[in-house]
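Paired with chain B in one complex and with chain C in the other, chain A is shared by the two complexes that follow.
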Partner chain A sequence: MNISSLTVEQLKKKLSKGLSFQIGNFNICLTSSIPNVCIHIKHLYSEYEVLSDDVYIDFYIELCSPTLIRCYIRPQVVFSFDGYIAFKPLPLAQAGAMFEWGLNWCIANHSNQYLIIHAAVVELNGCAFVFPGAPGNGKSTLCAALVCNGWRLLSDEMTLVSIEDGLIYPVPRPTSLKNQSINIIKNYSKNAVFGEVVKDTAKGTIGHMRAPDNSVRCAHKPAQATKLIFPKYTQGAATELTALSKGKTVLRAAEQCFNYSALGSQGFETLCSLVGDVGCFEFSYSSLDEAVALFSGIAH
Partner chain B sequence: MIKPILAQVFINPAISLNLSLVHWDLLIRQARRANILAKLAFFLEKNSFLKSVPDQPKKHLLSAQVHANRFALSLEWEIECISQALIDQPIKLILLKGAAYHAAENITADGRVFSDVDVLVPEEYLVAVERALGKAGWMNLSFDPYEQQYYRKWMHEIPPLTNLKRQTSLDVHHNILPKTCEFYPDSSLLRDNAVQLNKKNIWVLSREDRVIHSATHLFHEGEFGNGFRDLSDLDSLLKEFSEYQDFWKHLVQRSVALQQQISLYYALRYCSLIFETQIPGDAQREVEQGVPNPLKQTIMDFLFLRALMPDHSSCNGRWTGMARWLLYIRSHWLRMPLHLLVPHLLRKSWMRLSGKEVH
Partner chain C sequence: MENAVNILDMCISNEFIFRPVRMQRWKSEYLIYNILTASTHLLDSISGGVFNQIYHKNISKQELIQYMMNKYDMSHLEAVQYVGDVLEKFQVINLIEIRI
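Up next is the complex of A and B:
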């Protein structure tokens, strides 16, 4: 049963007691009585599978108001990971975004079975392209454009490379877009479905684009990386793909890993074998159409 | 008393073979909240049960082990750096608590992850030690004059130091209890009995003193977020040291010499009630000489058996919050006489309410 088969009332009721659902290899139980959270889940997670009560849950997450007073005066939201409060409260309007950020934190800090790269990863015809990148380099925008053109979304935020088999395991979730990127993607594709757009967050204006239903359905299928590409959006730049040496790629990708040093030699070996098997590039662009045409061409 | 599943597994790890996924779910949650998940992983591994854990909970155990292994490596480096910084000081560098368990290779150190390194030095060398650590990059980052005075005048440690490069935290102690405590021990006794670990200047308290310090720390503690973990340290240390001849006899003797009979009594009582730690009859009888009167004992049981549970919603009863609050008050009561305590607590409440609190 998917979340979409619940009515709004049923969803509200489930959320107030704990809604369990599956995202790739992770089972989440989310508890919240905040209306924003219900809307966020309804818009962006409708195709995810609801889990029964007897399954193992990886992350118990609760979003609630910090105190009674904060329900009325400057309302806030607190993210708790099974009772552990890892962050300061945020304004209530950011509850949906806080779920996304908090879940990123849960996965990044408690999943050392993977080398976790801060990178978007998408797949077409069995070719998975990994786009590591510092914030502002246009990795999510590029990823959103590819996904709107039929690429499968594995993740827009973290690439999970299994230590065991070197494959990339999907966690397809809403793509987080910031500021101008939101309108760029809204204008770019009529397939793009957004949740509530929230202004004045720590990262500026934030909008989450729903993951394609097909990507959610294929969330159990790992993929083999074939390219590792560092994107760089620059206004007016020509579309240009430049080969990068393996050594440089390892060093640059290591900087983008969440748990590279925690994994020690395992992290080094996993990253080296990933880089060893793929084509490594830098990519500068300003036109999404040209970028999509280029990558779709390579993947065909 | 219904024991949390986490305590049951530490008592008898073989039950892990027959747990359903729902039980595993609860076990991992309790262990994570008790800050003991990696320790549970090493404990199951040591008893050869880790292989049989179902995949879903196992990945959390293994993930916590990765983190703990990395932590152990950084801890060794940190200890090395502290030792280098104090190389010219004519003192024993004595590690306490977590750092000591690790350096002494005690079983309880396996998977134990914590935030501060604690060391013990003679009070008369505090100034020189602080200066030497300062040169090596450990600074006191609090400039609040009240806090400075509070620590330096009344406490058994100087204000916490932070390494500017690594952001690691170091607590320099000259004793194991504040000067204002009724049962303030003579710290030279602790230093005289300390044990050197290798050719370098790294020492730990003797086995008995390590147990006593652990007990003293836990039963003067005001915050119990790590209470279950700290009690599991005691359980593990006692089991490990039981192998040594006359350990129990010496333990009781040392508790008398250091005036820590009551803390040791509570440690043994709650270890045996919660972890079913085996305590020899002789030792049991001797520590019971420090037993509180029956009414006080009943109250303490009520409070500690709640406060020492893992800090997880499944272990919290109706009275848990109140028990922890009363023990918080008790910890301050034990630390200072009333004429110092009242102004101190008032000031703390004011700082908390006005949002100026740093810690």
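Up next is the complex of A and C:
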């Protein structure tokens, strides 16, 4: 049963007691009585599978008001993981975004069976392209444009490389877009479905684009990386793909890993193995159409 | 060793103490991961080759100078200068310790 089969009232009721659902290899139990959270889940997670009460849960997450007074005066939301409050409260309007950021934190800090790279990863015709990048480099915008053109979304934010088999395990979730990127993608594709756009967050204006249904349905299917590409959006830049040496690629990718040091030599070996098997590039662009055409051409 | 990480355990030669590292070579690049410091270093083909020589062949500094003169057609002075610099670099990034 998917979340889409629940009515809003049923979803509210489930959420108030704990809604268990699956995202890739992770089982989440989310508890919240906040209406924003219900809307966020209904809009962006409708194709995710609801789990029965007896399955193992990786992350118990609760979103609630920090105090009774904060339900009414300048309402706030607080994120807790297994009862542990990891962050300061945020304004209530940011509850959906806080769920996404908090879940990123849960995965990044508790999944050392993977080398976790801060990178988007998409796949077409069996070719998985990994796009590592610091915030502001246009990684998510590029990822969203590719996904709107039929690429499978494995992840917008975190590439999970299995230490055991070197494959990339999907965790398809809404793509987080910031500021101008929201309207760029809204104008770019009619297929883009957004949740509530939230202003004045620490990252500016934030909008989450729903993951394609097909990507969610294929969330159990790992992929083999074929390209590792560092994107860089620069206004007016020509579309240019430049080869990067493997050594430099490892150093740059290591900077984008959440747990490279924590994994020790396993992290080094996993990253070297990944980089050894793929083509490595830097990519500068300003035109999404040209970027999509280039990568789709390579994947075909 | 195109796509397999080489495991080098901590060892001691007559002149050097080596830290335990993992090493990956791709053509002209050597990547060295120091297990003790969790730091990764990218060496060019010449300095990576030097590291490989002193680690695997257990050669002395004098033998290394001779090796550099033969392999890269360096003068004695150039080889002494280069070997001194590269060994100092290895010490600074904590890949080796030179025994006194």
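Here is the rule we use: the second predicted complex is superposed on the first by the 300 of 300 C-alpha atoms of A that agree within 3 Å, B and C clash if a C-alpha of one lies under 4 Å from a C-alpha of the other, contacts with A are read in each partner's own complex, and residues count from 1 in each chain.
Keep in mind that, in the parts below, a residue touches a chain if its C-beta (ideal position, glycine included) is under 8 Å from a C-beta of that chain, and two chains touch if they have at least 3 such contacts.
Just so we're clear, the structure is a prediction, and the values are computed from it rather than from any experiment.
Considering which of chain B and chain C touches more of chain A, the answer is B.
Contact with chain C, but none with chain B, is seen for A:277 once the two complexes are overlaid on the shared chain.
In the superposition on chain A, A:264 makes contact with both chain B and chain C. In the superposition on chain A, contact of A:245 is made with chain C only, not with chain B. In the superposed pair of complexes, A:36 makes contact with neither chain B nor chain C.
Of the two partner chains placed around the shared chain by superposition, chain B is the only one that A:111 touches, whereas chain C remains out of contact.
Shared interface residues of chain A (contacting chain B in one complex, chain C in the other): 261, 264. Chain A contributes residues 27, 54-58, 60, 82-84, 110-113, 259, 261-264, 266 to its touches with chain B in the complex. Contact residues on chain C toward chain A in their complex (touch as defined above): 2-3, 5, 22, 24, 26, 29-31, 33, 35, 38, 40, 42.
Within the complex formed with chain A, the residues of chain B that make contact are 20-22, 24-25, 29, 32-33, 54, 56-57, 59-60, 62-64, 66-67, 69-70, 73, 311-313.
On the side of chain A, the complex with chain C involves touching residues 245-248, 250-251, 254, 261, 264-265, 268-269, 272-273, 276-277.
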